[in-house]
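One chain, subunit A, appears in both complexes that follow, with subunit B as partner in the first and subunit C in the second.
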Partner chain A sequence: MFYRLSGIRHTSYPAARQLWPIAADRWQVGLVTALALAAPVLVSDLYLGSYVLPWLIWTAAALSLSLLMGLGGQLHFGFAAVMAIGAYSSIHLTRAGVPFEFALLGGGVAAAVIGTAFGAAALRVKGLYLVMATLAMQYLVDWVITNVPAISGGAQATLRTPEVSFLLLPLESLDARYYVALLWTVLMTLFFLNVKRTSFGRALAAIRDKDFAAAVIGVDPFRTKLMAFMTASFAGGVSGAILAFCYYGAVTPEQFGFNVSIQLVAMVLVGGLGSVIGGYFGAGFVLLVPIVLTNLIAGLAGAGWISVSQNLAAHLPLIFYGGMIIGFLLFEPLGLAKIYDNIRKYFLVWPFRHSGS
Partner chain B sequence: MQHDPVTARDPRMLHPDWKPEDTLIALLARNAREHPDRVALRERDHGIWQQTTWAEYLDEVLSLAAGFEAEGIGPGDIVLVTGDNRARLYAATLGLIALRAVPSPAYSDARPEELLDQMTREGIRAAVVEDQEQVDKLESVRDRRPELARILYDDPRGLGDKAPAGASALSDLLARGRARLKAEPGLRDDLVSRASVFDIAVLLHSSGTTGAPKGIPLRHGHVLSGVRNAAAAGYFREGEEHMAYLPMAWVGDFSFSIAAAIELKFTVNVPENQETALHDLREIAPTLYFASPRAWSAMLTRVQVGIAETSGLKRKLYDHFMPFALKLEREKLEGRSPSALQKLWRGVGDAVIYGPLRDQLGLRRVARPYTAGEAIGEDVFLYFRALGLNLRQFYGQTENCALAVAQSSEDISLTTVGRPFPGVEAKIDESGEILLKGGNIFDGYFENEKATAESLRDGWLCTGDAGQFDADGQLVVLGRLSEVMHKADGTRFIPTYLENRLKFAPAIRDVCVIGKERGFLSAIVCIDFSAVGQWAQERGIPYTSYAELSQRPEVVDLVRGEIARLNAAVPAELSIDRFVNLHKEFDPDDGEVTRTRKLKRGVIDARYGQIIEAVYEARDEIEYEAQITYETGETGVLTRTLKIGDLKGGQH
Partner chain C sequence: MSEAVLRCENVSRFFGGIHALKGISAEVRQGEIFGLVGPNGSGKTTLVNCVTGFYPPQKGRILFEGRQISGQRPHRIASNGIARTFQNVALFKGMTVLENILMGRHIFMNPNPLAALFYPVWAAKEEVAHRRKVEQIIDLLQLESVRDEHVEVIPLGLQKRVELARALCAEPRMLILDEPMAGMNQEEKEYMVRFILDAQEELGLSVLIIEHHLDVVTSICDRVLVLNDGNKIAEGPAREAMSDPEVVKAYIGGQAHAA
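What follows is the complex of A and B.
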């Protein structure tokens, strides 16, 4: 209805690959960007700090994992550990006096090095076996962090993030932390959008679809898989560091446990493998829906609309949440991104049923 | 101007107001000078639009001209140009014009014999063609036209080093021309200034339905004056996006894609090929769009098919908003303007249905959509106007660059073709023929004094069309003059005019209007079996065959309604008073119509004489004994009772 496709023509092949050739997509992206920039003004601090901010950071983390799982087809069930490496490394680097900007990079590099070492397993194994290998990484990293006091400060300790500033902007106020997180998520989004159009992105897709077929057409599986683990781990490490500095303010090993890894996988799957908008939808769904459901049921019970026991009221949101995940995946196995895509296409061919008529 | 064009053939005397240096080539050079970087041509190649600026366009034209000259082509030489629309063919046409040679376009689907006839008639010795297909056609008749020495082709696919003797690629010629331009410094300016406004810019051809096609030479001055008249009346604007997809041999394409494009700095967009033209149209979204009534009608069908298979909500919205817009458009034609609420609701419809539909068709930016060539169906015309397109009709012939008469935005009507352009005069002579006069009227047929004398009288072009002016001075085209008939009281009528208007009704497939030397007009109607069959099904009217369906009282009433609608729209003396539904369709195998479904009146009059007499004897029905020839050659007789419908209450 609001998509206008006539008059879109390309005068060169590079121009034909532009990200948003349709005007309606451009103004939608522009609108969302403007809303994101104005969020500190539009949204109360409570909502900004406890909903929007974590949503953005987890989106960046989900996109990092989606790069590996969605584009490269490499399963990873220990991604929380990768984030933990980034978080702890950057905290220790800033404590050692390294500026925050470099500490972020350092955290990313540390995560990339360790993540790639474990990713090397992917050169030999695939599918469930790779899941096992990455699970091993999750537990090994957890164990090391917990049991090496030099890293965690002791098994029960909480490591506070030091006061830092990013590009001369002190990271004390919520707004400053929000904008740093927004910057990183936007960077991650742009990177993800563009990597699909590069030779690396295409090599990843080839590896995902059939690695030995890709090898036959000249894509080096060794190099490409390691690159995939390295890129995703670097991005995951930085996301972990941002999570620690901009949201948590203090880290404990439990914040990066196995269940967090599973949540990340859920974000990627529910959102839609290898999709940018899926990353946003998936993180939003996994993160915000349980909260919304809890508030809703508590509100309903409080107002006397439904009568449930205290015990059931605590579990009802989880029941609905689980049901919704199953429902969505049954209804559209390709995730929320596919649902969005279907809606977009419905309007794209408006008022016809399909294009080419 | 009182010169007889047959004797005073010097164009300088015929057109004293033309300035010699006012040529297409000079205007092209002006564009290249004033807007060197503006896009002049766009051609789709493997999905990518290759752009040519005005400076590059001029350079290509002059290089090709230099190349042609090196090949021995010079002033007055007639050169065959044939193929689908290609940017390089347009440049080659202009290159020939720069050399004062005469491009003679032929339709890309012309048969080899037709090309041979054209080459023999016009003494053609060189040809510029699109691709291997055209080269092969020329090659097949080359033994009968040995004078054809040079064939230049644009697309080398399938030719390469297998090209026949004398055939070479235009790209090689272009390279040689470029080298020449570089080597001879004064050549560029010389080539730009050679042509004169009195030169023949193009040699077009009449359709040749009767006898051999006649050559129609148009001079620079003719096409430029046509274009300027049209621009003065606002039919073209400067810098239009134009889609060049109609055949290059058709006068409209020369007028639009070459003359108007150069004079008014259009961007001319050439589709990848004929099959992708509609898709490419959407990529371009032109601002000026010209299509035949048949093409508009095909577009309407496309929309209807798309809507028929679309999903619930979309169809519901369409089914609400489209009839609403049609109703408003109909009221507007009747002179009633919509209320504020209706305007608001139309705005909603524009956002929801009309706008998206225009976008789907690639007509989102079209401010000036036109149709010409034949009468456009009322439904089609109204539909696109309701969709928010200012669709208007043109009237013209090759002889006047197809730029003579058009409807203006203010007074659209279903029956007229509008008013003459400024600079064009129109009048109706005593025999009812439309005569036109103006700078865009040609000076005479190619080497055909007799035809010239018949069509040009004292500077007036006899169009061969019968017409009249309506009350507000708009021209109404009735049909070919050769088809005019008279009733017994001398009233003039043109059966095809009435027939065409009746045939716009979906229920009527064919109709033959009778009334020559009779007291009143009557019609033999062949219903459209599929449309009326569908109509009958929806209403639960039983029938077994065409013959039975045609005689159902409901169907007779349906046809009566359609005729009554026509009668209301035409002068009283042209109303059809009685009609009969025929028990069969007119069939080319029975000789009643030609293969292109044109009526053969003599056959119909003879075969259905019995029925016609019954109609004029004021009877209510007739027992008709139909002669039937079986496939075995035996003949039999079938008796049918045909009902005769009356619209005047039987006072005849």
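What follows is the complex of A and C.
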């Protein structure tokens, strides 16, 4: 067996602090990276464009939110608005002639500035009130975008993304858009993994667990949480911009509405709070399960196995989907990531039943 | 007489109608072990919470090394050089012993999201540098064997030791311990006393310790302050203060009450 924990001894601090201390994990990461790079060749354009691409971008968005919710323990019900700010800012910047690379950063900065301002207000209150404050952000941003034609793009309230190129690579082809999205998601993944092993990530975890004990060793709770808001908002803004340029091609306010914020929260919860692999699982689950369920029910109804009215058929997936989320919250609060971890641990110590640590 | 490191001047604290501290004045001197004793509910933890900034005193003030700290927020006071442990262990769940102790280095670190973005060239150096100090403290408190365990699975006695380690990692000049030996058996108590004395000696700390075990108090404390119902009833060298008639009365009264 090559997939084993035993026999691994680290002899220096840096070695013990590697991202993937187990060789088998490094192999896995390498394999997944290779598959991701080869995806445009392996997967048909239809699947690449309508499944893999949005999955990657939503994963980056879910990871952004998970920074705040998972690591920082701060609920945010207005994260779609943060993404909207990034998307609209970057589009307007490129329209004004700013190169795409800088427009992406600009979108992130705009989202970070506005997101942090709301964060500063929200952090004055706790729990349910924090939720209300972030909700207020969602509705305020929605309102401003819809009601200011200069932002929303005029009467039809759709704003097309201009033709741009990323590092000389024109974003016209699907492959180019896929690689840009992949690059961003990989960056987010590495960043998230690294945050968890720096003093910033530990300070966040400490505040989430016991804020008084964190304060007594010198962690400034307000400043640290605000930095979490800033970081998450920046990442969310860039994710929103990537979503607009690489996937949607044109944006409308509804694409970043309240229900999208709820979906993002669901991605983080179902995947597993503060888990990187959970971000991938959660985004995949939330995007795919409704589609699968719709097809399944349509298929069953079509074959005459079950008889459902048109109306019910439209709502059944939502019912199932809601039920599954509640199921997760009740039975596996640590999400899909925990289930994956259990399976992995099982193989790590196979043929024994339990791991030593 | 050596100088006062920590000085409480007429400190008062109310909780609603409860007058938990009634104008307490006291001072802890450089390098001494100062005991804070008294029956349950006498205000010991409250006084410590005033010093560390959790419950700022409503009257009076507190000075550390000659500068006023009352009114500052807890994390500021911590970075001024005061570390503490809690009566109920307050370790971070989900982290290993090592990570918990590493948290103690926080005031020397630069908690910056950008450091994570450039991890190999920025944060990694910081991590490794601080690990050396952490390993020293782990050695001092003999925690090698549980270094990589999650804190919630180790016995309470060891958890208290980890909390002490975390406090020491901040290289404080003043260490405040709130009942570090509560719930320990005789052997664990002896270990803990040894570690506190070692730490105080090697690191040149001033120590403020709340303790219920009177044998421990009389054997390690240079001076003590006895509180009863928010009042100071005695202060002075440990043995003298503990045999003060009023202290004896308060303790017997307290015990009779508890029984």
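A few comments on the model shown:
Definition applied: the second predicted complex is superposed on the first by the 341 of 357 C-alpha atoms of A that agree within 3 Å, B and C clash if a C-alpha of one lies under 4 Å from a C-alpha of the other, contacts with A are read in each partner's own complex, and residues count from 1 in each chain.
Keep this in mind: contacts are C-beta pairs under 8 Å (C-beta built on N, C-alpha and C of every residue); 3 or more make two chains touch, one makes a residue touch a chain.
Fair warning: this is a prediction, and the values are worked out from it, not measured in the lab.
Of the two partner chains, subunit C is the only one that A:V216 touches; subunit B does not reach it. By the touch criterion defined above, A:Y178 reaches neither subunit B nor subunit C.
If you count the residues of subunit A touched by subunit B and by subunit C, you find the higher number for C. In the superposed model, A:F200 lies in contact with subunit C only, and not with subunit B. With both structures placed on the common chain, the touch criterion links A:T231 to subunit C but leaves subunit B unconnected.
Comparing the two interfaces of subunit A, the one with subunit B and the one with subunit C have residues 13, 357 in common.
Looking at the complex, you find that subunit C touches subunit A at residues 52-54, 73-75, 78-79, 83-84, 86, 90-95, 99, 102-107, 109-113, 115-117, 119, 123-124, 126-128, 131, 148-149, 166-167, 170.
Residues of subunit A that touch subunit C in their complex: 13-14, 17, 191, 194-195, 197-203, 205-206, 209-210, 212-221, 224, 227, 230-231, 357. Chain contact summary for the complex, subunit A toward subunit B: residues 1, 3-13, 16, 350-353, 357. Those residues of subunit B that touch subunit A in the shared complex are 42, 47-51, 282-285, 302, 305-307, 309-311, 314-315, 317-318, 351-353, 355-365.
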